[in-house]
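Residue numbering begins at 1 within each chain, and the chains themselves are lettered A, B, C, D and E in the order written.
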Amino acid sequence: MYLGRVIGCLWASVKNQSMVGQRLLVVQPLTPELKETGKCLVCGDSTGAGAGELIYWVRGKEASFPFLPTEPPFDTSIVGIVDSVHVKRPDPPAAPAAESGKRKRKS
Amino acid sequence: MYLGRVIGCLWASVKNQSMVGQRLLVVQPLTPELKETGKCLVCGDSTGAGAGELIYWVRGKEASFPFLPTEPPFDTSIVGIVDSVHVKRPDPPAAPAAESGKRKRKS
Amino acid sequence: MYLGRVIGCLWASVKNQSMVGQRLLVVQPLTPELKETGKCLVCGDSTGAGAGELIYWVRGKEASFPFLPTEPPFDTSIVGIVDSVHVKRPDPPAAPAAESGKRKRKS
Amino acid sequence: MYLGRVIGCLWASVKNQSMVGQRLLVVQPLTPELKETGKCLVCGDSTGAGAGELIYWVRGKEASFPFLPTEPPFDTSIVGIVDSVHVKRPDPPAAPAAESGKRKRKS
Amino acid sequence: MYLGRVIGCLWASVKNQSMVGQRLLVVQPLTPELKETGKCLVCGDSTGAGAGELIYWVRGKEASFPFLPTEPPFDTSIVGIVDSVHVKRPDPPAAPAAESGKRKRKS
């Protein structure tokens, strides 16, 4: 699953039958530090997520699981609304390239 | 799903049997702000989308759902024609890189 | 599906049983303007495509559909030989970045 | 499968029913040399991995196999905790670009 | 499928039950010209490939086909050992960018 934020929505009158009545939300993927990363996408939604909310989404066949027994051709859908994220990296991500240049072989 | 625009089409006389009679459209993926992003691809179509139209497409096994009970080996297909997209980002995407250069560690 | 060109082939004597007797072709992905894009890959083939031919290929589970009832573990395979591609982009792809800086709102 | 390190976790009260009671861990993908590579993701977990542990994870439909007969819509999940990795590259990865410019044909 | 070279292996005592007894190999993806490309990954193996060998691997659901009727959650696995690769590109890949700068519109 990936983190993301709901940043918009999409209207479509001509669409696959099994998608009728389903909300289509525009999602911006985020890093765990909540910075934007990668391309926006259009997700189905089974959680009732609203504009600006932090969510996590899945890709692939699993994206249609929440809608069973209907099988809308969703390849990405929101499956949860995030309350909080806790991240503790072993080393600062600020200078990953510098490390390889300065490293000293101790072992 | 992803946004895209139909920018062309493709003719193929030698192809998989289950694809005979299906239209093959060339699609340019777009961001929600409708700028081009990423590589063009060839999609099956179940919506009747025409040249220049704004559509959304799916990837993977779901791409063959609209054609059931036939199962053409489509891994990407157009599933809806977009009427409008509404996007409101929490912060301007214009200068994401500048932020990391100016940040001051307060904690 | 994606466009590509057959640029080579691959021999393998030790391989999965269900792949025995199947041709393995090296494919270079192409843009609709037929420029090289992205990494080469090894595709199964159900069309009889030859060296240098323009083809389109699929990725994922769909790649094994043309070989049913056998299910060789192909995740990419050629499903059609392209006769011609017609592409008409709404705006020239030569300077996509410049446009956003210079654009004037006419509507 | 891909290598990664557990760097955090995620709380979500609103989520897909079949995900209730499942841990959601934030994973940073790693190279075999244990350097960070690519985007963080949120994985389901069937191994009991803890913060900071080196793990390997799978993507796609396979990610829900460890949870059968339940089918939570996980598209990425941790399937093993790594004890050790042994890597021996045929040529040093430090200067792959320089090699092609300076190489001398010895054979 | 993609080309790659076995560059290492991985030990894991805690892992999914259906993976017990299966070898886990570290694979570096290669171009058809056998240069390194992209991220290393951990593959299941059904061919008996050894360290340094040139192989091709599959991604996705197909990666578990060689292990049927068991269904280990492998999303990448080695399915063949490569004897030889023959590649002939229509135009030299050395200067693809230069072409677009020098082209003269003849039509």
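Here is the rule we use: a contact is a pair of C-beta atoms (placed from the backbone, for glycine too) under 8 Å apart; a residue touches a chain by one contact, two chains touch by 3 or more.
Worth saying up front: this structure is predicted, and the values here are computed from it rather than measured.
J.: What's the overlap between the neighbours of chain C and those of chain D?
T.: Of all the chains present, those in contact with both chain C and chain D are E.
J.: Hey, what angle do you get rotating chain B onto chain E on C-alpha, to the nearest 5 degrees?
T.: Resulting rotation angle: about 145 degrees.
J.: Distance between chain B and chain C based on Cα centroids, please, to the nearest Å.
T.: That gives a centre separation of 17 Å.
J.: With centres defined as the mean C-alpha position, give me the chain A-chain C separation in Å.
T.: 27
J.: Touching at least two other chains at once: which residues of chain A meet that condition?
T.: 60-61, 63
J.: Name the chains in ring order, counting from chain B in the direction that reaches chain C next.
T.: B, C, E, D, A
J.: Which part of chain A faces chain B closely enough to touch in the complex?
T.: Touch list, chain A to chain B: 5, 7-16, 18-19, 24, 26, 28, 35-36, 39-44, 51-52, 60-61, 63-64, 71-76.
J.: Can you list the chain A residues touching chain D in their complex?
T.: Checking each residue of chain A against chain D gives 1-3, 29, 31-32, 37-38, 46-48, 56, 58-63, 65-66, 77, 79-90, 93, 96, 100.
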